[in-house]
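Across the two complexes that follow, chain A remains constant while its partner is chain B and subsequently chain C.
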Partner chain A sequence: MSTPATPSRLAIDMLSAISLRDGNRPVLRQVSLDVGVGEVHGLVGESGAGKSTIAKAILGIVPSQVKLTGGQIGFEGRDLLKLPTGELRALLGRDIALIPQDPSTALNPSRRIEAQITDGLRLKRGMSAKEARARAYALLDEVQIRDPARVLASYPHQLSGGMRQRVLIAAAFGLEPKLVIADEPTTALDVTVQKQILRLIRSLQSRHGTSVLFVSHDLGVVAKICDRLTVLYMGKVVEQGATADVLNAPRHAYTKALIAANPRYDQPDTGLEPTPPQVIAELRAEIASFDAHVAQAGAGISHG
Partner chain B sequence: MAEDLLVARDITVAYRRPGGAETPALHGVGIRVGKGETVGIVGESGSGKTTLGRALLGLVQPSRGSIVFDGSDITMLDEAARRPLRRRMQMIFQDPMSSLNPRHTIGRILTAPILLHGLAATPAAALALVHDILDRVGLVRGTIERYSHELSGGQRQRVGIARAIALRPDFVLADEIVSGLDVSTQAQVLRLLQELTREMHLALAFISHDLSVIRSICQRVLVMRDGEVVEEGPCDRVFAAPATAYTRMLIDSIPLPTVDPGWLDAAPDLAPAAEGAAAART
Partner chain C sequence: MSEAEAARVGVTRADIAAGAGPRAASIAARLLRDPKVVIAGGFIVLLIVLAIAAPLIAPKDPLDQNLMLANVPPAGFADAEPGYFVGTDDLGRDVLSRIIFGTRVSLTVAFVAAGLACVIGTLLGLLAGFLGGFVDTVISRLVDLWMAFPPVLLSILLIAVIGTGLHSVIAAIVIIDWTRFCRVVRTETKSQAQMDYVVAARTIGFSGRAILFREILPNVMPVLIALLTLEMGIAVVVEAILSFVGLSVSSDTPTWGGMIAEGRQTVHEAWWVLAAPLVALFATVVAFNQLGDGLARSLDPVMRR
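== the complex of A and B ==
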């Protein structure tokens, strides 16, 4: 594991999980990663790599068919997996916030934007209704919404996708959390809006020193916003390091293949190279021998 | 330049809203697809690219303009007159899950149109054709026993391609067909499409929001915005020297997988007015 340049805020250590629905198949294989103070850390991989399982484990919302079997999620010196539910709930929103993937489903369709932003400010920050309203206005202004009063009075369906995502970003950063989990926050947006949203997340996090775990399948997006990257495949860390190192000099053949599969508008005949079968075969063999090793080590230990 | 296959001129489409007001979706759009040529149609949401595709296939009726397919004007054909064209003009959909009947096996989905259009005389002959097509798109023959929900996204999209090419069409419209796929699966699908267009001398209109994907397989590109064509030309020229500020901005907004510290802060050349406009919709 590479060492972060800054003290770590989120320290995931040897996190493991299995899928109960699918013959106890491992879905996370001793994943370790650190997110430093003020760092944007990209968690990249293809679908099924375990990216969102990690995000859900941090937020304490792992689905019932997934069971965490080991490891720790250290946040400011405490293991989130051992926190009583009440304490974790108090932490969420206040110290750890989420920017979800789909801005169209994350907002309550029957409530005005104002209510949805002020709820958190009142519950988690103890503001009065009046203070919360003023703060909500300031937050929308901070995410460069030109007419905050109109947006506050709107229902979600009256806003574009980009506008909804700005509202969610305002709500996430509004409580001045220490850690933001951004789960594919631009996947549903047009490229021009995506660029604005990426710029916004970067500027807010750098202004407030927020740590961000940025989940994405898009190497282009993480290249532009992340300080460091963790590349996952089948729930196992394949490669980890500074973004420039991972992208310019990938050490693992899988990372190389992932980069090569990306189409590039600046070069003809790109985007037509799928991951070579031998790279996948070797990676799967690596994982099988890892699983065998873990099973062997586990056989001697009694699970309590 | 390849011989014309599909030429649409001055296409105008307006959607009628409840209450009678018409919302224009396309304003006088033209497109030309040569035989065997792959033309990209790119634009952001609301640009009209999907409406254009639907108009080309006769799925929406333009209020103005003409569509000529292989020398015949097909703009105003009724359902019966259009039937023979259905075989020659096929479509691959964005979401293969919702375009494949969940209660039919893949075998049934693929053989039915072959029998309907008389490309095989017996079910056994249709099945033999389907086996060949499955081989060609890289699916095992056992796929015919499966249902769409049992397949991965990449496999479903191969089924979508198989269904489109089974009828040996001259023209295929592909609407955002790789947008939900992982890059490696996307590369497989794009490569397959590229090979098929070459082997079958197939004309392809490829709708996508992703200019990088367009560059991968298209010879020419049409850039759309707010129901109009902003720019059109060979990919080599458009990507190297876009003629309009809007195309330039679209290109500059694509994040390449390279570290470039100045990229995020580089302001786009043009304020995307569309976002504010969409916010005002009721």
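== the complex of A and C ==
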């Protein structure tokens, strides 16, 4: 599809997956996307569109009921799907890190923040306990936590949601990864906090030249932070391109509908429109014909 | 003091402030604020002191017979003898001294047997809950099978085979009661393993072992500690039962269970011989249970506020 302006860091190619629990229903339909070096790439779609499955596939934590049936996840020239467990484990945290969705459950409730940040530093960067502690302090400072010493000594339940998300962001960027997967990092937060967190991710990302795959269902959030975006529907790429282009001149009716569904503060009477049924019907027909096409191709191969 | 030294001390203080110092101190402070922990824990500590220093504390030799002073009632009753606070049994042995010496067997069994059962059951439970699949099936079936045997019968049978004695009592309790730990820990591990923080740990490339022991075990700990203290109470009772039927240590070592058995025969002439070990047993079991309850609450960082 569209070619990235910068050299590609993550190149997902024709990734397909099915749900074993749900009658082998396709979850991903030949998804391809590129994330360039230093690019923030938005992955947008409604729930069940397959956004999280892509994120999990990259991190090697696809749930057992989902089976990847084809495609590649290229990271710096290597296919993550073919990497042995040991090598993938070495890569995770060091080169690829995750900012999880829900800061209230992503931190271990019975361990102090300090232990949870220094774990990765010691394991992945081979720091001593003392170095790791100093680094953790600096990291919390970098994510604009006012009293790092107090936060380091705290348990997760003693911190606010925004604070916890900052800690998770600090932990993710702290290992200086090349790629950060942000899985709906602001969904569980207040709108006011959302803005700060987005700004924080953006500034850390640009300072360190990190590539970010930003998974979200919220076009408003994606518009603020992403350079380019990919719109998914039922596991199929509907539209892809530079954020401004996609949002200003959407080519696909579904993208238009998504944009229309976003509330506009400047025009309170518009927005909040549900996706028109004919758009959904069109999309489903498109996907059905795609599935038929794939099935035919598969049958053709097996017969030939 | 040189500046460099001062700086070094400063760093050390900061380290303490941010690290291990307040952790230990605040946990201790929190435990001391819980009346359950203080009262029950204080009682257990008292028992431990009694067990260790029994020869120094006990007013008489627990085995010393004096038929001239048989069945002397406790202090405060008519015919009480000075120096025998809880009276004597039908052989004229001092009941209080026997209770004090009896704590030795009871506490040894409580700590060693419950501890071993805890370690074995916890390891198997962690493995079953975390690995799932085949390992889980094998361990879970084994536990089901194990629990189908009536425990007291099984322990009596076991001791009949391996012989009486303190080691046998401990072995019997461990062999029977590891399943308690295994079951609870397995369930708890399974539910913790679903949590996001475990997934997050996986995504920074932690090994399974690191996740199990660093991430999951601390969250299983509160439940485990409650269970462990509960099991200590159970172990004390089981030992008393086995002593009662004469399958524990030989009769020249005073035990609460043995005293209950002896007291039962003379209950009409000397009720205190039966009552004293019963009270000791009851108080000990209640103390262990309450301590477990209080510890679980104080140690769980989510429950404490």
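Observations on the model:
As a convention for this text, the second predicted complex is superposed on the first by the 300 of 304 C-alpha atoms of A that agree within 3 Å, B and C clash if a C-alpha of one lies under 4 Å from a C-alpha of the other, contacts with A are read in each partner's own complex, and residues count from 1 in each chain.
Convention: a contact is a pair of C-beta atoms (placed from the backbone, for glycine too) under 8 Å apart; a residue touches a chain by one contact, two chains touch by 3 or more.
Just so we're clear, the structure is a prediction, and the values are computed from it rather than from any experiment.
Which of chain B and chain C touches more residues of chain A: that partner is B. In the superposition on chain A, A:Ala11 makes contact with neither chain B nor chain C. Once the two complexes are laid over each other on the shared chain, residue contacts for A:Val167 go to neither chain B nor chain C.
In the superposed pair of complexes, A:Ile61 makes contact with chain C only, with no contact to chain B.
With both structures placed on the common chain, the touch criterion links A:Leu92 to chain C but leaves chain B unconnected.
When the shared chain is aligned, no partner comes close enough to touch A:Val44: not chain B, not chain C. Contacts from chain A toward chain B in the complex involve residues 46-47, 146, 151, 158-163, 190-196, 198-199, 202, 217-221, 223-225, 243-244, 247-248, 257-259, 261-275. Listing the residues of chain C that touch chain A in their complex gives 14-15, 17-19, 22-23, 195-197, 199-207, 210, 214-215, 218-219, 221-222, 300-302.
Those residues of chain A whose C-beta lies close enough to touch chain C in the complex are 59, 61, 88-94, 96-98, 100-102, 105-112, 114, 119-120, 123-124, 130, 133, 137, 149, 152-153, 155, 157, 168, 171, 175. Across the complex, chain A is touched by residues 44-45, 153, 182-188, 190-191, 194, 209-217, 235-236, 239, 249-251, 253-260, 263-265, 268, 272, 275-276, 278-279, 281-282 of chain B.
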